[in-house]
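You will see chain A twice below: alongside chain B first, and alongside chain C after that.
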Partner chain A sequence: MADLTTKTDISRQWRSHGRTRRSTRTVRVTASALITAATVLAVLVVPPIVQLDEQAIDLALKLRPPSPAHPFGTDDVGRDLLLRCVYGLRVSLLVGLVAALVATVIGTAVGAAAAAFGGWTDRIVMRLVDTFSSVPHLLLGIFIVAMFRPGVWPVIVSVALTHWLSTARIVRSEVLSLRSRPFVDAAISGGASRWRVTARHLLPAVLPQAGLAAVLMVPHAMWHESALSFLGLGLPTHQASLGTLVQTARGSLLAGDWWPTLFPGLFLIVPTLAIAGLAGAWRERINPRRRSELML
Partner chain B sequence: MSRRVPLGAMARMAGRRALFAVPVLLLVTFGVFAVAAASPFDPVKAYAGTAGLTATQENLDQLRANLGVDQPLVPRWWHWVTSAATGDLGDSSVMRQPVADVIAERLGWSTLLAATAFTVAVLLGTALGVLAARRPGGWLDRITSSAAYTLEAAPAFWLGLLAIWFFALKLGALPAGGLTDTGSDTVSPDQVARHLVLPALVLGVSQLPWFFLYVRQGVADALEEDAVRGARARGLAEPTVLLGHALRSGMLPMLTLIGSRVPELITGALLVETVFSWPGIAAATVQAAVSVDFPLLAALTVLATAAVLLGNLLSDLLYGLADPRVGFDG
Partner chain C sequence: MLELDAVTAGYDRRAPVFRAASLTLAPGESVGLLGPSGCGKSTLARVAALLHRPDAGRVTVDGEPVRGWRHRAPRRLRTAIGVVFQQPRLSADPRLTLHDLIAEPLRATGRRTEAPERVAALAAATGLTGDLLTRRPHEVSDGQLQRACLARALVLRPRWLVCDEMTAMLDASTTAALVAAVEEYRAEHGAGLLAVGHDRVLLERWCDRTVEWAGCAEPGT
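What follows is the complex of A and B.
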């Protein structure tokens, strides 16, 4: 009898352990999805619907700490920081999305071409990729922006040009592993051209991986935009982005006012974690053998 | 226990990598020159500054010829490469010094900062990683892992600013930036040490999550291995099992990281040195970029690439040393 109870205890313990594990994962994914949805909604909906001017200056209200009227406080010329952060997130997210999209398209094209052609093309292209991966991303980005002067497009170009390398590697190795699969052999022996095999059979099969890389690249690209803007090499200061917000807040920070610095940073961290959480769940789906870890 | 260190094989590997580095660096410099040539940036206008607005076309052309920028891309690039090989990297307009002098003056401070930060990250990351790996899913693991992911997502410049606010302004405990106290014109070790604390901590903490997560993963995996189970079964003390067995075999993934983290370290240094006005090479890079100082920027980009290649070599050497199966063929 005593034996039996211990057994049930153990099994119950195991089961409950499994359940808590699964539930924390579900909670994590749900929270990530909610935050991502909230971010996208805030960015899409707030600016057109809420007819508030983010540039509205009220010098009487400058550098007020967070209060019910201004939940995030106001900046050094009395602009509402919550509104500025939402607009900043909008710009940063937009830059991140476009840059990630461009980088993924370039990376997929180069990686698939290198793998599909093979031989010397592959060797030369991948050596070039290796070469340019050995320049630190931010440094290369800084160099490109410095040469083309700050602005939205140079930032997007510099982030996109520094980030396609990893996608190219992922896509190439996926295509190479797919090329030896029976369905590709079947297509080739069926008389399909190289182009058709690539476009019809190989590319659709690598799209989930490329998509995952693209999703993970969005927060990374946002991070790059913020870093460039913070260094004074990104967007012009009057245009709210998460980076320019922190940069302009530097002056007030040295005077002891922490809120203009704190909140834009949080606006970068929270969506990053949410997107990474979602991407982790997605990766678990397309590749269940890999252990789920947040990947940033 | 001790194995003979295969110095010959290591030297051959270093030599091969050095040979391989030459075309890589040449290609990177060429890329740098090509980007500059494609950009609207005009070195003559940058050199002449406001005087360029009133100068005659004749003077501007003369200046163009003097600077050598009237030549096409390839000869200009080759001229730069050949004079760089003799140690002449041109003059920096923003520092008003030869580029070689700027690098010589600042490289030491950057190395000091990066080395201190790296030590902080490795020590702290290893300690926390081992502790967290002891009970995967336990409260310590959960807290440290969540903190690590949050830190990973936090930009280093933001962390630096908040650190300045808290430690320098709120507590008044540490200086907010620079290398020495304001008004002091001598560089004394104790001043440098005090000014080093905040930037090194911030840079170290921004590098910490990776080390922590890898050590945690490595040690947690190693704890499942037969060797560790055997050590447990023999009744060895927990610290011996953790440090002597699990950490030793879990260190391997981390060794490969040490060298390959150079790009992230450079990225972090670019931000942290700027925030703390640290007189290092990364802060100079940002200044050069802001005022479009091409000679300095080009030289520093190449230098950073060389550092990355050196880091890769270092990590492969360490990996080969730690795991003889890997060898030194790469």
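What follows is the complex of A and C.
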């Protein structure tokens, strides 16, 4: 009887532990989804509705701390920081999404082609990928943006061209493991060309992983855009992006004005963490081992 | 004729799975290849189906020596040989419905218009109902999936059939139904059959002759 009581207690502890983990996960996913939705809504809806000039200068209002009229305060030339942050987030998100999409398409095409052709093609392509990977990608990104005039597109090109390598590796390894499965043998025996096997059987199987890599890449690309803009190599300084906002606010931080750096920094950190949280939840769903652990 | 002459094959050139395997199939003939697990029967079946390049030896299909394997083999040679694998779960693309699974070789070879008629005929021959054809592999049993895999192997009307332990995972009634479907196809088209397995009773009843693995190949290292 005593044993039975002990066993019941242990099972309760287990269930309680599982519930806590699941509820923590639910809170994390819900918060991530809400923040991501709010971010997307803000950057899509606010600029067309408010119709305010985020570059409007009012020197009489320079470096005002947060107040009801300016919830995030004003910068060193009197521009409203809330509006600048929303516009800056818009540019950073655009760069992140487009760069992640382009990088995923390039990485998927290169990885799938290398694995599908195999042999020397695979070896040469993957050694090129290794060579590119050996160069720090911020350095490579700086080299690429330095060749163009500052603007959104050079930053997108720079981030996309330096971030397809990991996707190419993921897709290649997935395709290599699938290539030896009997259903691919059956397709070859059924007369399918190399192209058809890749397009019909292999690529659809790797798309969830490629999609996950793309979503994980969005926050990374946003950080890269901000880093390039912070270094003065990204967007022109008059154009709001989270990197340029932090860069121009550095001087006022030394004078004790904390708000011009804090709010753009939070606008960078919170949405990127939210997007990464959603991508993490997706990764848990498509990973069978995690699925069984989470009892999905 | 489907001829394998002194074939040596494996997955490491320095340590082949078997050496000097020779086997000949005449058109319309059924041959059962018997051997213990792990001896290399499935590798030999893959070589015969042009899916695995041998390290040495010669394979001839209808008098034409084979020079390329897998995608490098000409499509007309690849499609002349229908293959049924041991594990239906692994040999079916999980994203395709059974209808698409069976029709896929027709689509891959540009004969899409024949698909509705051929799939309906083969579904009837292998005992698949219309309801099953709309399901995906995870929604049907192993036996039902193996019926679809057999239908897929027959859809291009191959002259040769390679069945690699096709019935190893199935119950007696499904085994009987699949063997009957293969025999019906062979009677109609005069196809040759290489049935690989270790069920002596089944292969001796099913095939015109059986070949012991030890008699047709030398063990590798």
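Miscellaneous remarks
Throughout what follows, the second predicted complex is superposed on the first by the 277 of 296 C-alpha atoms of A that agree within 3 Å, B and C clash if a C-alpha of one lies under 4 Å from a C-alpha of the other, contacts with A are read in each partner's own complex, and residues count from 1 in each chain.
Heads up, the rule we're going with is that a contact is a pair of C-beta atoms (placed from the backbone, for glycine too) under 8 Å apart; a residue touches a chain by one contact, two chains touch by 3 or more.
Quick caveat, the model's predicted, so the values are computed rather than measured.
Of the two partner chains placed by the overlay, only chain B lies in contact with A:I142; chain C stays clear of it. Of the two partner chains placed around the shared chain by superposition, neither chain B nor chain C is touched by A:D58.
In the superposition on chain A, contact is made by A:F132 with chain B only, not with chain C.
No residue of chain A lies in contact with both chain B in one complex and chain C in the other. Against chain B, in their complex, chain A makes its touches with residues 21, 128, 130-132, 134-140, 142-149, 219, 223, 226-227, 230-233, 246, 249-250, 253-254, 256, 258, 261-262, 264-265, 268-269, 272-273, 276, 293-294, 296.
Here chain A touches chain C in the complex through residues 181-183, 185-194, 196-197, 200-201, 204-205, going by the rule given at the top.
Residues of chain C that touch chain A in their complex: 46, 49-51, 70-71, 75, 78-79, 81-83, 85, 87, 90-93, 95, 104-105, 108-109, 149, 152-153, 155-156. Within the complex formed with chain A, the residues of chain B that make contact are 23-24, 27-28, 31-32, 35-36, 39-41, 137, 149-150, 152-155, 157-158, 161-162, 164-165, 169-170, 176, 213, 217, 262-264, 266-267, 270-271, 274, 285-286, 288-290, 292, 294, 297, 300-301, 304-305, 308-309, 312.
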